[in-house]
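Quick heads-up: structures coming right below.
The following pair of complexes shares a single chain, chain A, combined with chain B in the former and chain C in the latter.
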Partner chain A sequence: MKRPGSIFCGSSDHGLSRRAFLGTGAAATAGTFAADMTQLDAFKNEVVAGELKKQGKKVILLWLAGGASQFETWDPKPGRPTGGPFRAIQTASTGVQISELLPKMSQHMDKTAIIRSLNTRVGDHGGGAALMETGRKKDPGILYPDLGAVVARELGRADSQVPDYVSMYTSTEGRRKGTSGFLGSRYAPMFLAEKPIPENMRRLDTISDVDHQDRAELRSLLSKQFVQGRKSDTLGSHTSAYQRVRGLMASEQLFNIENEPDAVRARYGPRQFAQQCLVARRLVEAGVPFVKVARAWWDSHGQNFETHRELCADLDHAMSTLIDDLDERGLLKDTLIITLAEFGRTPTINASLGRDHFANAWSCSLTGTGIRGGVAYGKTDPDGHNVAEGEVGAGQLFATILEALGVDPEKEIFVGSRPIPLADFGCHAVKDVLI
Partner chain B sequence: MRLSSAVLAMAAILAPVVPSRILADDLLPADSAVETVIDHYVDALLSADKVEPAAQVDDLNLLRRLMLDLAGRIPTTVEAKQFRDDQSQTKRQALVDQLLASPDFAFHHRNELDRELLPDNPGDGDFRKYLLWAAQQNRPWNQMFEDMVVGDESDEYQKAGMQFLRTRVGSVDDLTNDTSILFFGVNVSCAQCHDHPLADDWKQDHYFGMQSFFSRTYLTKSKTLAEKFYGDVKFKTTKGVEKQARFMFLNGSVSDEPDRALSDDERKKLDEEVKTLQKDDNAKPRKPDFSPRSELVKLALNEEGASFFARNIANRVWNRLFGQGIVHPPDQLHSGNPASHPQLLKWLARDLRTHDYDLKRLIRGTTLSRAYSRSSRWESDSETPAAYYFALAQPRILTPRQYSISLFIASQNPPHWDQWASKPPEDWAKEREKLEQRTDGWFRMFEPPTANYQVPVDEALLFSNSSQIQDDLLRDSADRLLGHLKGIDDPSEAIDAAFWAIVSRPPTDVEKQSIREYLKSRTEDRSAAMKQVLWALISGPEVRFNY
Partner chain C sequence: MTADPTQLKITTQINISGTALCVTRVPESGKLYFGGSDFKLYRVDSLSEKPTPTALAEKGHDSYVTGVALAGASLVSGGYDQRLIWWNQESGEQVKAVDAHDLWIRKVVASPDGSVVASVADDMHCKLWDAATGQLIHQLDDHKAETPHNYPSMLYAVTFSRDGKWLATGDKVGHIAVWDTESGRKIAELEAPKLYTWDPRQRRHSIGGLRSLAFSHDGRLLAAGGIGTIGNIDHLGGPSRVEIFDWQKGERVHEIEDDKYKGLVEQMQFSHDGKWFIAAGGDNGGFFSIYNTETGKLISQVKAPMHIHEFSVSEDSSSAFAVGHGKIALFELKSVRPDVPPAPETKA
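Up next, the complex of A and B:
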């Protein structure tokens, strides 16, 4: 029986010089620091950082749960009966105006494309969320995976020592865990709802680290004999799930923003959404391909304008800080930031000064890798009742997102013997927002 | 957009992967034993393709497989040792019969039907009550179908069985598709927008025909399932022609509603009646003269229609026991997706129909076949044969309930289980019920198996770092395995006891050697050392899979 230390090579040289450069990439690099957290510094190592940049694309999805109003964000209609009290402001991209509630974002529109012509039709929270999470309507007999699971599968690594899909959803309103559908629970999100750190990431105090490692090694020894001669993907996935444990435990620190310099933390500020965006940055920096941060609750049936004044300020600050931070670290050119929701909100302002559910003409934004900044694609009519130009459905939006990441939307996954394309059948990317 | 998506999705289905060959024209005689028939047809395909199957499993492996499949749990130490020591030539048959008669079978069969029939509502107490009741009396499958689709709402159990429909009543598409998939093995959803492009069997007429059996179903205020008095399903063909659906079953046979010209006044009155039922807690629905769901049951179970119904359940039971259907996937029973052993499926379906849809009989025969008891190890140098040969067993991941209950059994102090051998079965039934209740709190921690299932890393993290595993399964107390092992001085004996309790077999020499070495390196705290050994065993793949 070997003693601890033998499973994970203690030498950083091996990890860096051999594994990382043999093309195993981010996962191998991550695996290295998994053994020893001082290796996190490896990311400050230029060579390694370069390796990471060359390959892994990543996504940070800012989910505006409940449905943000397009009028108070990306598609203002000042002066119209449906426009509400806020002004539109000029942005860094000439000709594109957004709501005055997003002043900081107005200075980042050169990196951001807006789609103003979403028509997704489904106007209830559950149905709308399911549609916008998976990019297609439900079909009986097939459980479709959500965007995070698809990206985790396409951009993650089988042996990854960091999570490949992390989802943060702190509020209880509209909380949805997300689904990996037919891709299987291997690609299910690591879900953070109650606590800032994923469950079961930390060793219990009742067991020493040596025992924890020893028993894992003993387990692997016994398992090897069982697996011998038994060929099964499911069986293989059991083995690899356990192989990832120690690495994932090491990545716990990625969730702890105390590890960030004070200056960085000050920049993001004290609010939870911004702090979660900082965690998201730490995660993508370490090679996590998909992070979702949900901010609730935009469902402003009453007091739409007060609600948006507050929530937009939060979004504006967090999103613009995230863009700057990623950009300064050279990560923005590999990272796609998306704002999306289950739907937008009605042009008509109701008696409670609210706006209701509306999926026929609404907006989303795309920033970063693969995206042509400064573009506002599509148009709604003057009062925002209908899409006037360039209608985009959920499937096309997903094709666009995948293409921005360098993933072929028509690539097929076999479910049993049925081939299913990554983006819904026959849906093509909106080329105008892509580089 | 919607239309082309569904059409393409279905167009994509199934270029046949299984070569369909009928190796002999006539079915074996109806009075042959089920196991003989299974081996006849499976062996015929093996020898036709010159595939040498894997060896038969040893006694203890067989016991574990049978226990998991028929009792939904692993054997206890005493059960395993008894079976090993039994010298009888017919001990396998005796075990199968004993298990099928045991309280365990009903609980397990209930759990399996539950996860298959109500996958989106795990733990629905009413439905589980119904299924247990039905499983305990081995209620014929055709009667269960009737209970669930046209059950008598005034009967406590049948009402609970109607949860099958009640949980889906919000969506007529779910009612149509899930009933077609689960009871007839047919996914007709493709034909919703278009005649099926590849499988000639399904036309839009079939989809909307099936839908018309459910389109009048609604829920009253008092949560009773009722049917409206009139109402037709209309659909548009791809050529844009509006068509009225007929009450058409999958084989094309049709029920015609007696002609009755309703005046506007009559319609108004009937609408009022339905409205009242939807508003008033105390209103009792009356059964309409023409009940579409009753018509479905008639068409599905008559001489011509029953082949879908019988083949589907035969194939699903087979899939449960082999991890691969004779038609695979099991929701694709159509001419474009042939069976690997068409004659066998036909024979089994006929056998079910002529034996009152007795699922126990089917399960008994299947688990007595040689095809069932092959090793899951492929020791030969030749390439592993495709799954549809059934030349070797597929390691099957345990369901969340099988896994939870097996973990409880493994982690208890082994002598705790000895007492049941001398007690009447009713006592064991009570103990088993308690174990079931414990699993209610545990099974949600594990993901239910799906096609292409992959174990999530969350599960490995749970085993590695949660207090549930550490403080419950591995607790250092007299009622747990660890407490028992502490009382055994000889390490070799303690290792033996751990293996029997957890993996139902003695350790191999290599295993024993490795563990002894580990224990030697960790002498300062023997309890802690043993705890790590138990963890290494209990979290292993041997416990997680039915192999």
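Up next, the complex of A and C:
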């Protein structure tokens, strides 16, 4: 069934996809368009306009693994029994207050929208993470791709010499690699867990460049023979991933922050999370459409305030520095920074001054491209037990993110004959946080 | 009344709302002042027939009250709002408020003669105040603002020696400084790094810290309390830990860890005769433990009805008044035969 706004006729063979439109050499093609726009009726086409709109859009997801407390970040409740000891401070956006643990971010709220009314209901780490990574509940019949894979597919370029999806998660607790689901390995993340620079990326010294190319050609030949008579998107994705190997090998230096001037490195400072944010900036600057930086572990069942004193200092410095750096380089207008987790934390403060898992009324933030800065959308009740206004689910959040990037959330991908919209069925963007 | 640490028992529990984080006691009585998570300071006669806490004022601090001390006629409290407030004990009115620190105040104590009030805060300063006038006497600086892992440190603990001559301060990474209170000069440094757990791999943050300090009766020993190494730092699931120093020699005399009752040692106090000391605190629950000073062995121990944040011990060491999560609890350590002074026995 064709859905309103869909670009598909209903057949997976006839969709006007961005790749079909751009073909290879996307940058050059786009340049040609810009040079002679009057020749192109295609520009009157909404689809084409949309394709150009999302050119160069990127995402940096700051994943606050374990579940950061909304009370100690974006939705403080000072003076309430549930509020904890920290004050709320005024921000650069009149009327919007955040926790005093984020003083630097308070000065960047004119570029940032907060959603304070997430109600995602799933309060266990695995289930919550799966929901917030994919924007929808699990379906036993289908493996959904996560946000990074969807963005990689929608915003990545076929001819790109850099990865489409990089995921950094160095702490071991709650570590999740992410999944490209039914999109196949072409959109799987380059996953960095042990070291900041990808391992096994260089050609072995024992193999000459000629040998390396010969091996690739042999693999390609065998692969072509294998796929003959077989029709599978997964196989195509697999082959496509291999075709990009040599380009990816050349991107190793993007991960090395020692290539940055001392002043820039000093600005980000010595802590790992900030340094990973610097890598993320280098990656998006080079054209990587989706970078996830996971900062674990916010699971503060005991000593919530001490934990957030420490981790919020990390988030505050890294995020504000990243925003400034992107802004000064002219990249923020095309880059969306998201802070998100699997859930928030309970209003009730337990006996060891901790907060437990809580998914019924929590917060996230969106900064940069497509976002109306200075907005605090939605409201929780005075003690933060429930959403009072503007409830937002995981699917709506995904629709909002995609729309901020200029991607139609209702666009369908066909898995066999089954149309799957990019954001979950019936989920619409929160327009109030979008430009 | 003679104190006997082997006769430890809980006698009274008083329910309160929220979490009480600090307490001080009017000498020779059961009258307590305590404060905590509802930003208020309360008084209660814990030995009355129906103890009922009453707030001193509707409005006092703007955040958690984390320290309270009786210094002569002055009642002084401190909190996360970075202020010290002087209160009139009789009327319950504020006498004076001072913007004392640039970050959250963690503890407030008074010198034994009541002339000086000391406060420690996350700005990593210890400040000594004239209890009568509220004037700053000394600012004691030795504790680093950042941990070795480049995160904000915290200055949790402060205590006076019994003669008021010395003061000790302790921070998150287990660094201890001992000060001459008269001159404000640092006279010793000690390290208790096992009280700080940094998890570099699984969770990449820290937990613990040096939470309590106590001088022995003769001033020779200094006890430092907190929690030992923790595997899963999501919880206070590590052994409660005490280290005893002969601080002038720079020697660690005892390392005591208890796996039966886990959590932070939030406060310690030596008995009036110095033969034993109390260590109390908790995780989700609480503990009240008594150790032999000389051997470091456990004398007696009870599971507390709440995580204990602070306690006050009577002059003869026969009673302790503890506050914590949702409760005030009274502990008795009274000899069953007051005419026969007990000799502390130790458990292996």
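The working rule: the second predicted complex is superposed on the first by the 345 of 435 C-alpha atoms of A that agree within 3 Å, B and C clash if a C-alpha of one lies under 4 Å from a C-alpha of the other, contacts with A are read in each partner's own complex, and residues count from 1 in each chain.
Just so it is clear, contacts are C-beta pairs under 8 Å (C-beta built on N, C-alpha and C of every residue); 3 or more make two chains touch, one makes a residue touch a chain.
Note that the structure is a prediction, hence the values are computed from the model and not measured.
Peer 1: Applying the touch criterion given at the start, work out whether A:Val415 contacts chain B, chain C, both or neither, answering first, second, both or neither.
Peer 2: The answer is first: A:Val415 touches chain B but not chain C.
Peer 1: Pick one for A:Arg309: touches chain B only (first), chain C only (second), both, or neither.
Peer 2: Once the two structures are laid over each other on A, A:Arg309 reaches chain C alone.
Peer 1: Is A:Leu222 in contact with chain B, with chain C, with both, or with neither (first, second, both, neither)?
Peer 2: After superposing on A, A:Leu222 lies in contact with chain B but is clear of chain C.
Peer 1: Under the stated touch criterion, which partner chain does A:Phe255 make contact with: chain B (first), chain C (second), both, or neither?
Peer 2: neither
Peer 1: Have a look at where A:Asp139 lands relative to chain B and chain C in the superposition and call it first, second, both or neither.
Peer 2: The first partner, chain B, only.
Peer 1: Considering only the touch criterion stated at the top, classify A:Tyr169 as touching first (chain B), second (chain C), both, or neither.
Peer 2: In the superposed model, A:Tyr169 contacts neither chain B nor chain C.
Peer 1: Applying the touch criterion given at the start, work out whether A:Trp74 contacts chain B, chain C, both or neither, answering first, second, both or neither.
Peer 2: Neither: A:Trp74 stays clear of chain B and chain C.
Peer 1: So, does A:Ile349 touch the first partner chain B, the second partner chain C, both, or neither?
Peer 2: After superposing on A, A:Ile349 lies in contact with chain C but is clear of chain B.
Peer 1: Does chain A have more residues touched by chain B or by chain C?
Peer 2: B
Peer 1: Overlap the chain B and chain C contact sets on chain A and report the shared residues.
Peer 2: none
Peer 1: Residue numbers of chain A touching chain B in their complex, please.
Peer 2: Checking each residue of chain A against chain B gives 1, 3, 136-137, 139-143, 163, 182, 184-188, 190, 198-204, 206-207, 211-212, 214-216, 218-219, 221-223, 225-235, 237-239, 241-242, 244-245, 248-249, 393, 395, 415-420, 424-427.
Peer 1: Of all residues in chain A, which touch chain C in the complex?
Peer 2: So the residues of chain A touching chain C come out as 66, 78-79, 81, 84-87, 170-173, 269-272, 295-297, 299-303, 306-307, 309-311, 313-314, 349-354.
Peer 1: What does chain C use to touch chain A in their complex?
Peer 2: Against chain A, the touching part of chain C is residues 17-19, 37-39, 62-64, 79-81, 104, 122, 149-152, 154, 201-207, 209, 234-237, 263, 282-285, 306-307, 325-326.
Peer 1: In the complex, go through chain B and note every residue touching chain A.
Peer 2: The contact residues of chain B facing chain A are 1-2, 4-6, 8-9, 12-15, 17, 173-174, 177-178, 181, 187, 189, 328-329, 331-332, 376-379, 384, 394-395, 397, 447, 449-467, 470-471, 508, 510-511, 514-515, 517-518, 521-522, 528, 532-533, 535-537, 539-542, 544-545, 547.
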